[in-house]
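In what follows, subunit A forms one complex with subunit B and a second complex with subunit C.
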Partner chain A sequence: MTDTPLSLAEADSTLFARLRRWWSGETATPVKRVQFDRPLTPWMFLLPQLAVVAIFFYWPSVQAVTSSFYLEDPFGFGATFVGLDNYTEALTSRGYMSTAAFTAFFCVVVTALSLGLGLLLAVKADKVIRGAETYKTLLISVYAIAPPVAGLIGMMFFDMHMGPFTQIAAWFGHDLRVGIDYWDTATALIVISVWKQIPYNFIFFLSGLQSVPVSVREAALIDAKSGWRRFCDITLPLLAPTAFFLLVINITYTMFDTFPIIDVIVKDKPANNPMTLVYKVYLDGFKGNDIGGSSAQSVILMVVVALLTVLQFRFLERRVHYG
Partner chain B sequence: MAHLSLTNVGKTYGGSAQPAVADVNIEIRDGEFIVLVGPSGCGKSTLLRMVAGLETITEGEIRIGERLVNKLDPAERDIAMVFQNYALYPHMSVRDNMAYGLKNRGERKAVIEERVAEAARMLELRPYLDRKPRALSGGQRQRVAMGRAIVRQPSAFLFDEPLSNLDAKLRVSMRMEIRKLQKRLGTTSLYVTHDQLEAMTLADRLVVLNGGRVEQIGAPLEVYRAPASTFVASFIGAPAMSLLDAHVENGQVMLEGHALAPVAHAAGPVTLGLRAEDLRLTSGGVPMRVDHVEELGAQRIVHGTVGDQALAIIDTSEALLPETVHLGVAPSRVHLFDARTGRRIETATQPVAVPAE
Partner chain C sequence: MQKIKPLDHLILILGALFLCVPVVMALMSSTHAAIDIHSNGLYITPGSHGAETYTKVLTSRGGFTGDVTGLLMLTNSMIMGLGFAVGKIVLSMMAAYALVYFRFRFATLIFWAIFATLLLPLEVRIMPSYQVMSELHLLNTYTGLIVPLLASATGTFFFRQFFRSVPDELLEAARIDGAGPVKFFIDVLVPLSRTMMSAIFIIMFIYGWNQYLWPLLMTTDESFFTLMRGIKSILQVWVGSQIPDYNEAFALAVLAMVPPVAVVVIFQRMFIKGLTESDK
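Moving on to the complex of A and B:
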């Protein structure tokens, strides 16, 4: 059941493309029509992809929606239909609401920081001509690290006894206790998540920057003396499509793909730790054995993310100039 | 508006031993239209971009007006540039494209509006002021780029092959527009092209570059009538001047053993330059075997060989051509170049008529 939110994240890239097409009213008109002798042949080609989507995306979704209306026996002996009880319970519980609040906070901070730092590094890298390759490789290589490993590396940095970050904090007179203190844990989560996501944003921003025509930059050089003005008036608007794409991707990342990082940091730790909604779905469902409640939560999550994505397209993409 | 002076200007790109531009000295008068012309890779763009500030100056000095600009940012040089691919800001309307530079200089709103309106009127861009560049045709974009330059009222306009992305017909009409506009505004202009026809028609003075060095500076007709070297001779004028191995004997230029015209020059080998339009078909004279004929309607270009050297003549008669024709040329239209260095040899029989400036 818990693979629902995870597979949602995986399916996100196709979702993104589909939504965008749907929103801009494009239809996929084939340039060239291929005629098949048998009407079944094209379906045969489509079958593997359709099967993957159905098995890993639609089926779990349907399962999640169904079981969210049931109260499941903790030992798996049966389920009772309880209507919307699971939903009302989730939405009125204090734990759920505080996790939701933290998720929103986490989402905003991580997205803002990883986009901001990614852009900053890309702008700097774009200026460097010599050594740019090494610089790029070094930055990008972080992206090759799997999230759980990133979590572990982060964990080492924040280790209570020998983590360098803990020591640095100690110099400033702060006793950093990741996994125990709520905000210390939150800080660690944010730092690791941002660090993990920067390379992704960096790659896209860098290629976005490099696709700004040289002559346009030169024209701006003649028109405006201040580099900051040129950046705000010319570079940034031309990067807007990239930034919009990254915004959508980053929000999904913070909501779903940070799961392994959170898992490494808060697993087997005292209960009062910050976590995102996705992690709570997993915790309540698997650790708490509350399949019904957890399903209701994941359905709520699906709806929220869908709404969020639609809103972004509706209000932001309008203002984005596709060059 | 200002004069422009380039003193011993040179440029060597980092990592290359050969200078891309070397020893360029040009004094450009206020309001003059200078065209930099030369084959691909000869350093025209490099030189222009050094004036613009887009390329560092590794040697020499550039002054705009009285100001030494070597170390100034492009935005401080009081120049405007028109790029080959227009370089319009794709996310800004035509109006904003033109106004952007002025806004950054802190011009008053009223002034900006007035100048944009004036430029739009001059360039017939008024219907498009609110459009984005991508909704314009190539010619319209080019005009917006011109407008963006005009509104700044700079000391100098810099053009880097501004017409080479347009089709042939539009190129001719835009060429005339640019010339008219520049005359009206009286702004000093530096214009880069590799199209010698464009160079001839636009320039007050031509600067012919070869391998980063100046071959010749002069009014178009001056360069045409008295090319300083075989390089200039073959570059300016279409069809290209025929360059042939010849020698002087007894005060006569001898081409493959036939006397062509009298010249006042010591005996010895020379490179003989003959323009197709200066050659005439005569009954006697140097025999040429006709190879093929290009019919252009008003005239025809006859390609042939004297001995084994290729030659072209423009012929306006419509007579049927025999297999072998005979050529003649007025002695004043014979160009001689040093057989070794390729430099022009001035001879007394070649009075160069240069129109008064």
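Moving on to the complex of A and C:
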């Protein structure tokens, strides 16, 4: 590895380059020049992890695929093979499609807002000198708060009797009814999810910014007078790998890690409330006892997630400029 | 260097307020009586009912969750966080060591089998995971709470990257000195990874402590409830009550967030290092 963080060698050591190498199967070449050559010892070291992965990852995953082809009796008296019925039923039902649409919308809005705000704060925190450490600590601390706790605090802020946000909305003549009105609930979910995710993006953008060498910054300062141009022409391209990495993380976060927030706000009452596909898998499986349908939805989600990952590695990365 | 504009500070202050005020208000409101919160809204100043509320939440049985006290939930959360962090480090260091330092058959296949777990989060396979756990009779056990979460390969990925950056000369020197694989691992690699281990420990502790969905599915027996699981229960009790116990809910939220937030603030440098350098 060279000294300048901008060299291609450094760029090549980012997660994406590494992941791309997995995809292309380059890992077949040994990772170390010198390696131990013993037949049994590596298996001894691998055994615990392999056992956990096999029992708690592959077994359930296979089971999800199998039970998605069956219609299970809700009282546990066996199952009937129904082929692709569970899939067609899920994909053609209006409930599923509207949930899928909301999930997509939710992903776009939360990712855009939390990335944008995280970047804005990181750029500003990188600039200031006075109080920099205090800002940093304050902006980072929220990272450690669990999504359900964030949901609980958010729920209080949107509470219909005493929530500050409800009162503010009332000044503007809007009757905010979270948990009852579809878009009010959606707004609350978005605000809480963004709030929870900003610190994460902030940490990564800031460390990305701080790895830009002083020489480049000074050169930029001489070449471009306008701060905005400097940002667009120099900072942004240099941050592209970080931003790309965060994009993947944020989409995964919105799809999966917002589960507790939704659970706390919606509280098992799907009536007329927005939810994500993951939450629907949980509701149909555990509350609706529709094991086949829930499994089919799981498998669809698995395919979506896998496709998303492949797509991102294959196409998005090409547009990223490593400077 | 660059000029500092007041606007920069304004944006940072607004950002810090947006992120921190809700936390401060949760903390302050937990020290007021439920009835005051109900009629006056949330507080930004401390009240006088703090000691009383926290004593009740920590020690009184059946305050809101039936049989379990806040202290027990705190202990369970701690077991979950520590157990997860330690388990993750042990499992993933061993696996990463085998993957990096050994030449053996099926290495590529094993590599893929382990790292494929990064693609599918637990949430997409909750229903079958639950069935597997109930077949193994692991519901309502600490094993059931912790071990299945170790299946994701994040830690293995971190340590694999780290081991690859360790100079080859170390292994050559160790081999000349006659050290076998186990001795090299314990006497050279483990001490060398100390910083990396602490950084990952912090991240994994927070991750384990903050788990919600898995404890929700695994535990019906209240003696295994974690604080996150307690939040779910407190909300379920609310439906029937006249004036909800806002103060107790806030106190529970504070208990649930203080340990991880403290860890992040105290070990800030190491935490950021672990997060950014290992994820890259």
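Heads up, the rule we're going with is that the second predicted complex is superposed on the first by the 282 of 323 C-alpha atoms of A that agree within 3 Å, B and C clash if a C-alpha of one lies under 4 Å from a C-alpha of the other, contacts with A are read in each partner's own complex, and residues count from 1 in each chain.
Just so we're on the same page, a residue touches a chain if its C-beta (ideal position, glycine included) is under 8 Å from a C-beta of that chain, and two chains touch if they have at least 3 such contacts.
Everything numeric in this text was worked out from a predicted model, so none of it was measured.
K.L.:
Should the superposition on subunit A be reported as showing a clash between subunit B and subunit C, or a fit?
P.N.:
fit
K.L.:
Between subunit B (first) and subunit C (second), which does A:Leu71 come into contact with in this model arrangement: first, second, both, or neither?
P.N.:
Neither partner.
K.L.:
Which holds for A:Leu221: it touches subunit B only (first), subunit C only (second), both, or neither?
P.N.:
Touch partners of A:Leu221: subunit B and subunit C.
K.L.:
What's your read, subunit B or subunit C touching more residues of subunit A?
P.N.:
In the superposed model, C touches more residues of subunit A.
K.L.:
Please work out whether A:Arg229 is in contact with subunit B alone, subunit C alone, both, or neither, and reply first, second, both or neither.
P.N.:
The answer is first: A:Arg229 touches subunit B but not subunit C.
K.L.:
Kindly classify A:Val281 by the partners it touches after superposition: subunit B alone (first), subunit C alone (second), both, or neither?
P.N.:
In the superposed model, A:Val281 contacts subunit C only, not subunit B.
K.L.:
Please indicate which partner A:Pro147 is in contact with in the superposed arrangement: first for subunit B, second for subunit C, both, or neither.
P.N.:
second
K.L.:
Touch check for A:Leu238: first (subunit B), second (subunit C), both, or neither?
P.N.:
So A:Leu238 only meets subunit B here.
K.L.:
Can you give the closest approach of subunit B to subunit C, taken over C-alpha atoms and in whole Å, for the superposition?
P.N.:
Shortest inter-chain C-alpha distance (subunit B to subunit C): 5 Å.
K.L.:
Of the residues on subunit A, which ones does subunit B touch that subunit C also touches?
P.N.:
Looking at subunit A, the two contact sets intersect at 221.
K.L.:
Help me check something: in the complex, which residues belonging to subunit A touch subunit C?
P.N.:
13-15, 18, 22, 25, 27-28, 30-39, 41-43, 45-46, 48-50, 52-53, 55-61, 63-64, 67, 117, 120-121, 124-125, 127-131, 135-149, 152-157, 161-164, 167, 195, 198-199, 203-204, 207, 221, 227, 245, 252, 256, 259-260, 263-264, 267, 278, 281-282, 285-286, 291, 294-295, 298, 301-302, 305-306, 309
K.L.:
Name, in rising order, each residue of subunit B that touches subunit A in their complex.
P.N.:
The touching residues are 52-54, 73-76, 79-81, 83-91, 100-101, 104, 134, 148.
K.L.:
Considering the complex alone, what residue numbers of subunit A touch subunit B?
P.N.:
Per the stated touch rule, the residues are 213, 215-216, 218-226, 229, 233-234, 237-238, 240, 321, 323.
K.L.:
Can you list the residues on subunit C that touch subunit A in the complex?
P.N.:
Going through subunit C, the ones touching subunit A are 2, 4, 8-9, 11-12, 15-16, 18-20, 22-23, 25-26, 29, 37-42, 90-92, 94-95, 97-105, 107-108, 110-115, 117, 119-121, 123-132, 136, 147-148, 150-153, 156, 160-161, 164, 168, 171-172, 175, 181-182, 185, 206, 209-210, 212-213, 216-217, 228, 231-232, 235-236, 246, 249-250, 252-253, 256-257, 260-261, 263-265, 268, 272, 275-276, 279-280.
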